[in-house]
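This is the structure I want to talk about, given as structure tokens.
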Amino acid sequence: MAYFQSKPSSGRHFLQIPGPTNVPDRVLRALDNPTMDHRGPDFGLLGARILAKVQPVFGTEQPVIIFPASGTGAWEAALVNTLSPGDRVLMCETGWFAHLWEEMAGRLGITSELLGTDWRRGADVPGIEARLRADTAHAIKAVCVVHNETSTGATSRVDEVRRAMDAAGHPALLLVDTISSLGSIEFKHDAWGVDVTVSGSQKGLMLPPGLSFNAISQKALAAAETAKCARSFWDWRPMLASNATGYFPYTPATNMLYALDTALDMLNEEGLQNVYARHDRHAEATRRAVRAWGLEVQCDDPRHYSSALTAVRVPEGHSADGLRATILQKFNMSLGNGLGQLKDRVFRIGHLGDFNDLSLMGTLSGVEMGLRAAGVPHKPEGVQAAMDYLSGNT
Amino acid sequence: MAYFQSKPSSGRHFLQIPGPTNVPDRVLRALDNPTMDHRGPDFGLLGARILAKVQPVFGTEQPVIIFPASGTGAWEAALVNTLSPGDRVLMCETGWFAHLWEEMAGRLGITSELLGTDWRRGADVPGIEARLRADTAHAIKAVCVVHNETSTGATSRVDEVRRAMDAAGHPALLLVDTISSLGSIEFKHDAWGVDVTVSGSQKGLMLPPGLSFNAISQKALAAAETAKCARSFWDWRPMLASNATGYFPYTPATNMLYALDTALDMLNEEGLQNVYARHDRHAEATRRAVRAWGLEVQCDDPRHYSSALTAVRVPEGHSADGLRATILQKFNMSLGNGLGQLKDRVFRIGHLGDFNDLSLMGTLSGVEMGLRAAGVPHKPEGVQAAMDYLSGNT
Amino acid sequence: MAYFQSKPSSGRHFLQIPGPTNVPDRVLRALDNPTMDHRGPDFGLLGARILAKVQPVFGTEQPVIIFPASGTGAWEAALVNTLSPGDRVLMCETGWFAHLWEEMAGRLGITSELLGTDWRRGADVPGIEARLRADTAHAIKAVCVVHNETSTGATSRVDEVRRAMDAAGHPALLLVDTISSLGSIEFKHDAWGVDVTVSGSQKGLMLPPGLSFNAISQKALAAAETAKCARSFWDWRPMLASNATGYFPYTPATNMLYALDTALDMLNEEGLQNVYARHDRHAEATRRAVRAWGLEVQCDDPRHYSSALTAVRVPEGHSADGLRATILQKFNMSLGNGLGQLKDRVFRIGHLGDFNDLSLMGTLSGVEMGLRAAGVPHKPEGVQAAMDYLSGNT
Amino acid sequence: MAYFQSKPSSGRHFLQIPGPTNVPDRVLRALDNPTMDHRGPDFGLLGARILAKVQPVFGTEQPVIIFPASGTGAWEAALVNTLSPGDRVLMCETGWFAHLWEEMAGRLGITSELLGTDWRRGADVPGIEARLRADTAHAIKAVCVVHNETSTGATSRVDEVRRAMDAAGHPALLLVDTISSLGSIEFKHDAWGVDVTVSGSQKGLMLPPGLSFNAISQKALAAAETAKCARSFWDWRPMLASNATGYFPYTPATNMLYALDTALDMLNEEGLQNVYARHDRHAEATRRAVRAWGLEVQCDDPRHYSSALTAVRVPEGHSADGLRATILQKFNMSLGNGLGQLKDRVFRIGHLGDFNDLSLMGTLSGVEMGLRAAGVPHKPEGVQAAMDYLSGNT
């Protein structure tokens, strides 16, 4: 059971939303250690260790800033540190979270130009290139991409976005949200030429919500020198100055840093490549289950399939939210809901974070039994298909 | 992961041996509270509360003694408090644990008379009655029954044993081991006329191992006055004297008592009848899976099916232990092994304690995928059969 | 020991900085529960419960917003929700934290007018009244006061500030930072007519850092409608809209909310008035110790003594930081350092949060032994003076 | 606060009974890990590691058996494995616990010959030698000594007992209870020729109660082959057979083993000699406080002073239990009570386990303030004397 539940239930809740994910016991037991003096000598040693250890997960040797704030804050930090009021950005609207980021930009005085999709695939790379080529005046100051769109289960090809920007010879910054991909799907801040990578603690990093991140290129740092958006809490400069010695300019979320330190150890012990392969495997098993049920995966470009979550479309005339409520009530599992234009049209299965084959099978069994219980038309063959795949006999 | 594992693994280990069971987070968080003064005033209040709260789980209004020792100790306590060296007991040998109890009795100077079975069912009630009728001299001082034989998955009908003893008009004590049934399968110490009920913490009570119990009838208490077995640690009398005010005669396992207090709250919140029904449901789903795989349940008397675990026979020529090793290695799940004459012939699925439908489905999926991976002949229809049952569409 | 320490130590670290404070075991054990779905039905119930329960600690029946960010963020939120770039505020510069707040205001485009002190007392109430009376054009949009100045141990009389503002008939908002007072020193948001109360989790609320708060008056809410500072993460409006049903507009720091829920229970169980009285008592004992050592309390207006911490001046020619280093190294206790103009001139003893007489005595003993070990001139009579007071024989 | 308290209190309870001691957070966080399969391959690795790591704390390279039972059980194990009903032992009656051990021996059919003391010193070494020399028939099968008598705070010189036995040329076994000394006061099972060392988890090992130990010499193992006491749970032989591969013959207290593994790491990180020196230092500081109060230490032979606890005599006409009740009620500290003939005459201060200077000063301050509050005549100079000693300026 969780800390709070309104009625008794036995066994563990299946938290299969696409984040927050199931926090490993080892991380929870790091989290609950006594808080320490964040100005004392030991803290500096711990801080420096964590700041160094977090870089490889971003695929970077450049600074990674850790905010004592949940992921939305890191979106804001990416914008206010690099842009000025009135600046224009190209926002790749791949789904609900891209939409929310655009909304935020507007509140901060940034003008977004939307490059839409049908919410069934990643960012429109040719569209980006075309738009940038057309922007000969370089009015566009940044291209914003959500690496893994949590609302649709589509992963944008950031490497291709980079190549498109290079091909267009455009100087815009590349800002990428990896909140639901980092630590689950390979990401290369440096190699892909990302300028600001935004992330959060509560997905692939296997922590509770409460920390967020900006990995920052030299070009972004330079932009921060001239950016005019007012900023204080989110300001990179005092952060970088303090981080140099392992400290933070204001009170960090100390216990969350304990948890992060431990979670990074776990990722390293498993090996990042193994972690990514595990996510790929579970995503493939899930998609096979979905197809065997006769349902449709929301993402319909296989090159953009997400390894972190799968959004599943329910047949016309059926309610995804009704299905989710049935599954929660009967099988003690939380699934993600449809957002924005997908409201009640899809449910989302998170298969990211601290996860394994049998937890996935419990999850898929819960979906299959839920489909039946809720009267959603399907073929009862999804669980079998997933087992076929996982046990290696496809 | 557990406290220790020799290689990294992601997600939760599936601990599906028939005990120790998966300890709920809430119980672990009670366990890890600071130890308190076991002679201070607050301890007496806590002790009295726990001693009262534990009685209903045994179905008794009579004293329940809590030993700071694992379950085997409570077997010893039951014997040494009621018997004298040279005494004779009738031991219903339903499987390996009954065998171990008999072995212990022998070490303590008690002579056991075995009433065997084929290890595929509960205690032989007509046999008990016949033997007691024949014992006109009342040489038999106690009848020992394992309520739920953990090695075979067979539950003896203790109510019928009681009726057989009454029918025979025999004064022997009735000693019952409920280590793997208490809190999972209904048990009625008082209504069934049990004299000593033995139990442990690490199964249906959802605690780690480290506590054990004796529920005691007035008749057993009277026997304790004349029993000649040497005893000190296990002696009921100083325990009962101290328990009267909520204390213990020697240092109790304080933190385990915290855990017990919380676990009893959880059982009460769910409701004992709901707990038993949940176990019945999961056992039935498991047996349906076993049959659908084309395998055989070790217990072959449906009246004795265990709701706590299911022992499954592997086909001739195949190794149950090899299967278990495959499942542990590939799917991170522990299953119980075959014991004694069943070594390598059965594997045992624990479905007791803090458990729910999706954890069961993860478990059964792990077995089904393991059967495939280990090359054990089976039909891949068990998981489907279990889902059919659980989702209510059999 | 904490999660990390660079060399082994036995026993508990004494974390006697004026925050983060010692987090009670019970709160840590709430914190480490599994994260739950922040969009699920149970979360709304929990959220509504917490939002209601937090109000009395602020002395308010008006909305209290909880940010998933550390305390500095709530300062920013108070400013950006109520003010517009170019606005002027009257900042009562009582010490380092007031200075930092002013610095932040500047970064956000707000002009601060400083009303200084000698850093040995609370806000200058007559000065506030005089300045406001002089501001006939009502150019000053807000008066900013740090209730308990953590750098000096001086508590401003917010009630008097309110009366001065009323006496001046000035419409400025009253913004008050209670980061190091809330839950330790009585505070009455409503009764004192505060417009925005800023607070954080890691002091009197006995939580780790990671949550911060704004309690908001109707007048402040009205100001938020017209305030022009760009804001998104800190924007009250979507927060209030979501909070109405117990939810949050973006991912909350779920596990910190568990901890908050439990900490609020603890405060209520002890009783807020008892909590305040306990802090008063420990502060008085500490000041008596300081005087008995022959040292000087930094705050020299008894009406402004802080019950949360005591800043102690070291004699000329001695280093407060050297003393602190000695105490940390020899006695495993962290004390607060001098900040700004008080650097190396004072050390600060935190006696707030989850604390009791014997922990205070351990703390004061550590200071007294540290004074000796570091060769700071003093009379060895402080511990005795504190015991005299605490044991009721002054 | 502990898991249970009947009224709210703030800050940490001071658990200064001479055991159970304050369990370090790190140990509690080991304890609360998920229970693992005690028959699985990883358990064997963990078990072997622990069994090896525990030996140095006993000063032995011989087997150490770990019982899933509290300390009293290990007393019983020592007796029933080495002796036969009717055997005679020489019991050095240094206080209440020696008395309880004798009482237990009697219940198990062993005849104890008491070698008394005035309960103000350790075992009477010349008396042992004299008695053994007189026992030319070697009727005495074992000499039983409590290393650190928890009821009086007197530590017997086990090395001298060994030399006395050797001098007498007597073949009796030497059984030593180290329940309240192990991990606090140096002990050398091998070097001192001890045959069975009895210990428990809840004192110097810094664990909750629930584990107990027998370290066993070859001579004791040989005795076990012929000893006639009935035994099963306590039988060393199946234990040793299973331990050889890291397992246990019946269910071990798995989570307590996690805690033990961690506690042993902590002792090793600090260094056993440092641990002992720390205990010596705190004991000396405590005795100086006692004398400065004008009170009397119960142990009046300085060679037998205990470094684990100090029993303090209250002046005639005053109640030690009244004082303890006052201290518990007013200062939230538990102290040990007087036992047997010392009932209400002494109170006992535990200064063992996970402890440091400032916790000791909190403890002694609590005693001093308690003496005042309870009206027990004393000079208020004890805390000062302890600080003088601890800060190195005696």
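For clarity, chains are labelled A, B, C and D in written order, and residue numbers in each chain start from 1.
Heads up, the rule we're going with is that a residue touches a chain if its C-beta (ideal position, glycine included) is under 8 Å from a C-beta of that chain, and two chains touch if they have at least 3 such contacts.
No experiment lies behind these values; they were computed from the predicted model shown.
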Centroid-based (C-alpha) most distant chain relative to subunit A: D
Which of B-D and A-B has more C-beta contact pairs: B-D
Whole-Å separation of chain centres (CA-atom averages), subunit B against subunit C: 54
Centroid distance [mean C-alpha coordinates] between subunit D and subunit B, Å: 34
Centroid distance [mean C-alpha coordinates] between subunit B and subunit A, Å: 45
Residues within subunit A bordering two or more other chains: 1, 12, 22, 25, 29, 32-34
Touch-based graph of the chains, sorted into line, ring, star, complete or other: complete
Subunit B-facing residues of subunit C, complex: 25, 29, 32-34
Touching residues (chain side subunit A, partner subunit C) in the complex: 1-6, 12-13, 15, 17, 20-23, 28-42, 45-46, 67-73, 76, 85, 104, 107-109, 200, 202, 208-210, 229-233, 235, 250-256, 258, 261, 328, 334, 337
Residue ranges of subunit D touching subunit C (in the complex, touch as defined): 1, 8-12, 14, 22, 24-26, 266, 269-270, 275, 278, 330-333, 354-359, 361-363, 365-366, 368-369, 372-373, 380, 383-384, 387, 390-393
